[in-house]
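Here subunit A shows up in two complexes: once beside subunit B, once beside subunit C.
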Partner chain A sequence: MKNRVTGVLLVLGGVLTTVSFIVAFFVAGVPDFGTVTVANEVQTERSLIEIAAEGFKYGRPDWGQKIFYFHVPVALSSFLVFIFTAYYGARFLLSKNREFDTKARIATEVTLVFVVLTMITGVLWTKAAWDVWWEWEPRLTTYFIMTLLVIAYFVLRNSIDDEERRATYAAAFGILAFVDAPISFAITRLIPSTHPVIERGGLETPMLLSFLCGLFGMLMIGYAVYQVRVREEMLKERLESLKASLEG
Partner chain B sequence: MDPTLQEIYSLVLKQWPLVAGAYSILWVALIVYIGMIMARLGRLEKEIQVLSEAVERRG
Partner chain C sequence: MAVTGGTSGRAMSWRQFRAILRKDIVMELRTKEMVTSMGLYALLTMVIYQVALSQSGTAFDPRLIAAGLLWLAFVFTSMLGLNRSLVHEKDQGCLEALLLSPVDRPVIFFAKATGNFIFLLIVEVLTIPVFGFLFLQGRGFGGQFWMIPAVLTAASLGIAGVGTLLATMSVNTTGKDFVLAVLFIPLMYPLLLAAVSATTAAVLGGPDAAAGFWAGMRMIGAYDAIMLLVAYGLYEFIIGA
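The block that comes next holds the complex of A and B.
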């Protein structure tokens, strides 16, 4: 039953993100940022008096804004999956049950995939919008710290041989690392930042539709991928026990 | 070329590779990652089936 739900979520997530993509590129408009003025020597059918009055002005198309429809959902999914790292880390510390350590590790692995995708799409957006590959502004900096913490989680795990100690240290580190997620999420609203913030009523209906489809689709994919990885680990354990029983 | 059109094309061509890059990297990475998990899952299920049958035959 659980596997069927995971499969449905994965397919539905794929459908929703595809709908988001289609709406983003074929329905939602391209916003302008500023105007471009070509003052003279323009070959046009507009009257010269009209052009002479104000120059030739047109909206500067912000094509880079299209990245937003997938970049933000992937970033929010990374925050959501990272919650599982802290949650199962805390449950492991309370119970010392190995299953929770495995679930926390898988959650961090899926978080890493989403964090890397957020960073790649984010850097491409930064180049398109700000004409620089990187800027040390609050959102980018705190998210970069989160990326390093997620990578450090695996470095820590690989540096400890004893299983019990590794699980305990990883659980504690996972909880501490997660503290950066709400900080990174809220920082653009707390201190001055050049990173855009979605405001209520700030998106036209097609843009909102595309964004919401992308968001729910990506959240479903994130959760489904996490569940599929948990199932894989459970099957691995079963395989090991079957091998052991055959050998014994 | 008309300078206005030249300006418009330069803006479009400057940003489109970044947009196309962002979407294609994201789609390809997700599809490859999910595909790899599914392939491993399929292999594991087959192995478990074979071993389960072997255990049954012995038991």
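The block that comes next holds the complex of A and C.
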């Protein structure tokens, strides 16, 4: 039953993200600069207005905006999946059941994939829209910190040999990181940001459709990949224990 | 682990807390290892700063980055100290003895964190005049002086608390100090950002210094409250593993 749901979700997620892409490029309009608000604080030689005007001059609409349909769903998914790192970490600490440790680890793996995708798309967009590859801007900074935390989780895991200790420490660090990420998000946000913010109700129907398809598609893919990986690990563990029992 | 016996649980915990803290302080007074190594490390950082700023010219006002430089020094010194404080415990088998004795786990956490907090504070208090002497001579201090100890205390509390938990983890890894740095710096990021902004407001002064200072202090307070609570909750699991 669960396996079938996973398969369906994987396919459905793939279809939805594809639909999102098609809608994004062929149906959804390119917004004028009213939809994204960009404060002119980025330190480039040219002003943002000039860059935008240049795009319009050559009849080239702001294609950089299209990455929004990929970037934002992936970023949101990474946060949502990261919740499971902390959730299963806490459950492991309370029960000492190894299954939860495996689940927490795989949730973090999926988070890492999403985090890397967000970073790549984010950096591409920054270059397209702000004409710089990187900017120490609150949201980018926070996300950078989150990337480091997710990497640190694996560094920690890899430097401990004892299995139970590794699981306990990883669970504790997962919870700490999960608590820390929103704090750094809140703290950096208290400084005025140059990151565009989606205004409420600012999306036209095709854009909203595309965005929602992308979001749910990504979440489904994330969940399906997570389930597949969990099943793989469970089988691997069963195999190992069978091997051990045969030898012993 | 409930404490049973004649004295009430709280009084017992308090005595245990003092005993562990006293052990750390006595050991420090005899060897003077922590403060010497941390202080020397901070001094060496100042040398590096001189190199870093050597080409900045006389027009550059170091007060603008003074807070950042100071906290940079404190972060690296504190990592050195945290690592040492737990490596000692482990190498000399003290941690195991502590775990065998009927001491509440949170008491161990609070005692170790308090010890680290005190040593860190001592090193900070020693470093600041040296830093001022080397880099800020002839440049006025803008804000009110009490702001500096306030930031130091509040931020060191967070560093010592979360740092003690992380160091307890990292001493049991193969990477030790490297793992501590990888875990410590990203987790400390919000605290450091707030501490630097509050310290900068204190150093530069000006009309909005108080507002900037209190904004930073509120953030430090929130970080301390949340993270210390989480660290306290997790310590029992960590130290038992």
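Convention: the second predicted complex is superposed on the first by the 203 of 248 C-alpha atoms of A that agree within 3 Å, B and C clash if a C-alpha of one lies under 4 Å from a C-alpha of the other, contacts with A are read in each partner's own complex, and residues count from 1 in each chain.
Convention: contacts are C-beta pairs under 8 Å (C-beta built on N, C-alpha and C of every residue); 3 or more make two chains touch, one makes a residue touch a chain.
Quantities reported herein were computed from a predicted structural model and do not represent experimental measurements.
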| item | value |
| --- | --- |
| First, second, both or neither for A:L10, with subunit B first and subunit C second | first |
| Touching partner for A:T121 - first (subunit B), second (subunit C), both, neither | first |
| Partner chain(s) touched by A:R98 [first = subunit B, second = subunit C, both, neither] | neither |
| Partner chain in contact with A:D161 - subunit B first, subunit C second, else both or neither | second |
| Superposed model, subunit A: greater residue contact from subunit B or subunit C | B |
| Touching partner for A:I175 - first (subunit B), second (subunit C), both, neither | second |
| Subunit B versus subunit C as contact partner of A:L148, first or second or both or neither | second |
| Touching residues on subunit B, where the partner in the complex is subunit A | 2-4, 7-8, 11-12, 14-16, 18-19, 21-23, 25-26, 29-30, 33-34, 37-38, 40-41, 44-45, 47-48, 51-52, 54-55, 58 |
| Subunit A-touching residues of subunit C, taken from the complex the two chains share | 162, 165, 169, 172-175, 179, 182-183, 185-187, 189-190, 193-194, 215, 219, 222-223, 226-227, 230-231, 234, 237-238, 240-241 |
| Complex contacts: residues of subunit A adjacent to subunit B | 10, 21, 36, 38, 41-44, 56, 58, 60-64, 66-67, 70-71, 74, 113, 116-117, 120-121, 124-125, 127-128, 221, 225, 228-229, 231-232, 235-236, 238-239, 242-243, 245-246 |
| Of subunit A, residues touching subunit C in the complex | 93, 145, 148-149, 151-152, 155-156, 159-161, 164-165, 168-169, 171-173, 175-177, 179-180, 183-184, 186-188, 190 |
